[in-house]
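Some notes on the structure that comes next.
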Amino acid sequence: MSSKVRVVIYGAGGYGGVGLVENLLNHPGVEISALVSREGAGEAYFKLYPHLRGMMDQEIEHAETFEPEGRGDFVFFSTPDGVGQKIASRYLKCGYRIIDFSGDFRFNNPKTYEDYSAWQQGKTEHACPELLNDCVYGSPEWNREALKMAQVVGNPGCMAISCLLALYPVSQPSLIDTDSIVLDVKTGISGAGKKPKALFHFPAADGNSYAYKVGKHQHLFEIEKHLSLWTEKEVVVSFTPHVIPAVRGILSTCYCKLDKNVEFSQVNEAFTKAYAQSPFVHYQGEALNELIHARGSNQCRLSVNYVERNHSIVITSVIDNLQKGQSGNAVQVMNIMLGLEETHGLTQYSRYP
Amino acid sequence: MSSKVRVVIYGAGGYGGVGLVENLLNHPGVEISALVSREGAGEAYFKLYPHLRGMMDQEIEHAETFEPEGRGDFVFFSTPDGVGQKIASRYLKCGYRIIDFSGDFRFNNPKTYEDYSAWQQGKTEHACPELLNDCVYGSPEWNREALKMAQVVGNPGCMAISCLLALYPVSQPSLIDTDSIVLDVKTGISGAGKKPKALFHFPAADGNSYAYKVGKHQHLFEIEKHLSLWTEKEVVVSFTPHVIPAVRGILSTCYCKLDKNVEFSQVNEAFTKAYAQSPFVHYQGEALNELIHARGSNQCRLSVNYVERNHSIVITSVIDNLQKGQSGNAVQVMNIMLGLEETHGLTQYSRYP
Amino acid sequence: MSSKVRVVIYGAGGYGGVGLVENLLNHPGVEISALVSREGAGEAYFKLYPHLRGMMDQEIEHAETFEPEGRGDFVFFSTPDGVGQKIASRYLKCGYRIIDFSGDFRFNNPKTYEDYSAWQQGKTEHACPELLNDCVYGSPEWNREALKMAQVVGNPGCMAISCLLALYPVSQPSLIDTDSIVLDVKTGISGAGKKPKALFHFPAADGNSYAYKVGKHQHLFEIEKHLSLWTEKEVVVSFTPHVIPAVRGILSTCYCKLDKNVEFSQVNEAFTKAYAQSPFVHYQGEALNELIHARGSNQCRLSVNYVERNHSIVITSVIDNLQKGQSGNAVQVMNIMLGLEETHGLTQYSRYP
Amino acid sequence: MSSKVRVVIYGAGGYGGVGLVENLLNHPGVEISALVSREGAGEAYFKLYPHLRGMMDQEIEHAETFEPEGRGDFVFFSTPDGVGQKIASRYLKCGYRIIDFSGDFRFNNPKTYEDYSAWQQGKTEHACPELLNDCVYGSPEWNREALKMAQVVGNPGCMAISCLLALYPVSQPSLIDTDSIVLDVKTGISGAGKKPKALFHFPAADGNSYAYKVGKHQHLFEIEKHLSLWTEKEVVVSFTPHVIPAVRGILSTCYCKLDKNVEFSQVNEAFTKAYAQSPFVHYQGEALNELIHARGSNQCRLSVNYVERNHSIVITSVIDNLQKGQSGNAVQVMNIMLGLEETHGLTQYSRYP
């Protein structure tokens, strides 16, 4: 017991928090040492999530008063933009390594964060810019080595990782026309979090679908940064998120024109090769790629269709937004950071909501 | 045009309000003369309900400042308990006839209202008890004559009317054991109204079902009052509402033991006879009774199964909670009050949500 | 009564058939003179569709033995590819005018039909090619005049009309780069028809979503023919249909790069102007465009977002696949053909499924 | 590895089969030695269930030609009534112990089976009546000891076990009036199996609910047998199954009148005591009992509300029909039979469908 890594979940009340709890309950190498949240503070965790009665009866500690010193070795900040950056230094001083779920540590230089922040929210100063240069983007599939030594990791945005896993194999080097990429994303409603809102009220959401934040979603910035890095060009993509009436999952349809001299067989090879070492990414060729086949698991499932008529490919990427898109990926990254088996805690399915 | 009855919808912002609008838009004998609401006040109605753009562009007037004088002939109070009773007198003085959607005018004597109120909310005084003796319960199926002259009508509770339509044929006179009636009600989520809440957040509501307010729901009181009246006994029933993951509709399963000397053929006859003149109640014998067959319409669909093993019947009653359970029934009652064709405004389907 | 147009519904058993019935029940100028189908033949129509009990008790006549002579003036073939073309001549000889719901009469010359057929199914001969030159594509929005005199009309494919209504304003003349159009379509499951299949079994379909027939769907051909005609170029588009877990509706997201010299204000004007006379097409500027706002109605709702970053527009088009995408549009076309009010039979909502 | 118990899954293609696979994949004490099915025979298992690609690539063997000899130690017959009884003897001769998922081995004497069969299907002969006297009903909660030595176990019906777990604490001895028990069951659609049917076609099933097999469902027989045994009276109950538009789960609402001299505190004690040793049964007092809190897990969650007005209780029982109602319970029983930890293979969630 004493040899287990002690993990603090900061922001345990939301969907990100309960996803971490579900995954870590079955993890052989870590123990949850503290659940920290505003919501439900002072009560047993199962009061918030009754399905965990008997499995997680630990009391929730209040975010305002929680003292991290000596309480753990590792912390997840399952919090929105602007929270993690305010408390990260304090946790680092107490010896924690950190995975943050927001945009706070996804960009490893102050200038890029400034651009992100400006574009996104109109405010530009990071609370601890000195940490940015060493923070690592939490994508095991291309950052495995860097993650091993990372102190602070920015867990990817759910839609971003969905699209980036689809595009990585054909962007490095680029097999596609980077001027005409279209990313059409369909997300389940749990991606909007746990807070009730008019658009997510069951009678308004059932059977409904719509595009939102067209050309403006914050994950777009994250995607373009990576594509630009990989292809060594300034890439601008079309990116439209849509809500569909499902609880969990993201289906991203990525339209790419192949470069003239590229053949589809090269694409096939690129996908097969890119993820040969990645236990959670499944390349399925042209197979039908169903959203529910990733539901609950940490998998990313990729299919690619070649369209000869305009020498283009359509990549479909399927993940569970709360697993590979959030807490499952975070646990995978933690495993890498701690030198544990990459699949620990991720061989079962997550369940709520 | 000038001969049309002018209707005010007070509480136009909620589901009851939009249901009235949808029904009345196709009504040949009335016109909507004012839409009154707190929500959306000062804006065109289609801002609240975009599907009505081009069909209902009228501006919403604020509930606090609306002056009824001269603005209409008829008013619907689509408001919760406690609102209608405060403003009814004023509307009556201006010459309006009234249909109220809450429990405020469902009991036609002050004593019963006091009991209802006491049992339900712990407060006991009605704001205008002098109106109670003449108010009429809005059930066309057994109150058609009384409704013709009524000035104030209490529109039935959605679950109450669903069960009462099922029980009326076997209670008048009683063919059943009134000591062992069990009413198991399944309701779609729109019955809880338009306001987002944690239990109705799509990720929490999808695929979910549960019993609530066991033995305590306010509609239970309404049901027992009628059964007691019809059977001339003090009837106490078991009544449990359940939420099911559907937007619209109520399916009530009513378990009744037949009196020893009663044969099933008598039940069959009672149902056939009871609703022979009721255009919206369909008795289907033992046919499968599906919730979606009433969706959007003002119908109540009834099936009855006889179970020989314990000489009992299982009555299933299917309605749309927002139509026969609310605004559709109210329009039907209005038609009766105004001497119009009972089906006017109700030959098409309601649609939102 | 005798002055009403007598309408035969051939293929009354499917979703197209019941949609026609629901729309025509409220139509002041026509009467349903025969319901023809294999499914349910010999039984009252409400046996197939119990929600219509009391409204449509007419008996279904068997498709194999039905004799059209003298039975009607107008016929809808709500049948799949290959059926209408075999029986059209016979109905024409009996004086009927025809609207066919399949691809049989969507292409007004034999050569194009041959291409469609070859590409689609591998067979190439039309059963009555002599009718093709005079058949008219059933889109009121740009073919109103031609439809007035048409004898045979091909009702558009549901996804085709959804996309074409989105693209028509910017294609005539072209304001967009026709080489990079991407059409990402999300359709509700009723689009697949009434027949149960493994992918549409509730447990497999609930919460699910996937792309299918990538670059191969039959409606793609229909779309490209129109775009090529309008822009006078050979247009090839990227087109991917997706299933989403909704019963009704199509949401099409259309990605178009604007030509360099085109400003967004021109796009706005083009949309406003294109549909000024079209009672069922609503242009909403940048408003959120929700699928359920068209549910049950014959509307097409269009929103357009301008994305300055790559000088592109994202058009979202929302229809009910069974109304504007099928039977509602067909009734609208019939009204035009018969010189009736274009909105007759279409001011209420369709309801099943 | 060689010390693991080798398990054959006969009927691996259906929902029962995939549930067993998901549960056993994480089981430390057994290995799946053969997957037997008609559906998918000759192909890798993940072709049927793509979400298991990489986790269960084993080939499916054909049910007609599979030879059990030497292939395993334990077999699950995940098959409908009438299949297991034909092959059980052969498997027993090869040394297998058996859990059957149908009604074939739920009644431990030929007479009772005859009654069940007669009542249910009109045929009366069991294929191997000699096995019936020693078969055990697979309910760990009251048959734990008997199961340890059982050779043939009848896994309970999903609705039966849902109700029996609710009623067991108050029936042994009886605290309730056994003449007026009403069991109103709501089941998700996966309970009807994997085969597509008209009523379960997504457009027909979404938002729908109905009662079926009123007073005739086969699980009723199973329930009454146990109640009669426990209370030592001939018990006849009212039992109505309903479909609700959810994929997984059973919510049973059980109405019981308390005997006059019984106080609610006794009921509370009875529930607390009855399941003190049962790791998967959670008694929650009066807590809201939500269907999704059992989704995916092997839990049965029980709440009890006391209704003073008619001295009755309403017990709600929530299970996942495919886990505690089927494969999860079967794995639990297997663990008991094999002397393994009762929770092995059941600490994670099942996921498909």
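Per-chain residue numbering starts at 1, and chain names A, B, C and D are given in the order in which the chains are listed.
Assume contacts are C-beta pairs under 8 Å (C-beta built on N, C-alpha and C of every residue); 3 or more make two chains touch, one makes a residue touch a chain.
For clarity, every value in this text was computed on a predicted model and none was experimentally measured.
Of all chains, A has its CA centroid at the greatest distance from the CA centroid of subunit B.
In this structure, the chain pairs B-C and A-C differ in their number of contacting C-beta pairs, and the larger number is found at A-C. Rounded to a multiple of 5, the C-alpha superposition of subunit B onto subunit D involves a rotation of 180 degrees. For this pair, subunit A with subunit C, the centres built from the Cα atoms lie 40 Å apart. Subunit C and subunit D have centres, each the mean of its CA atoms, that are 47 Å apart.
Note: centroid distance subunit B to subunit C, computed from Cα atoms, is 38 Å. Contact of a single residue of subunit C with at least two other chains is seen at positions 188, 204, 206-207, 245, 247-248, 290, 292, 295, 353.
Residue ranges of subunit C in contact with subunit D, taken from their complex: 15, 188-190, 194-198, 200-207, 245, 247-248, 353. Per the touch definition, subunit A reaches subunit C in the complex via residues 180, 182, 184, 186, 188, 204, 207-212, 214-215, 236-238, 240, 242, 244-249, 251, 253, 255, 257, 288-292, 295, 305, 307-310, 312, 314, 316, 318. Those residues of subunit D lying in contact with subunit A across their complex are 26, 50-51, 53-54, 206-207, 282, 284, 287, 290, 292-297, 299, 347-353.
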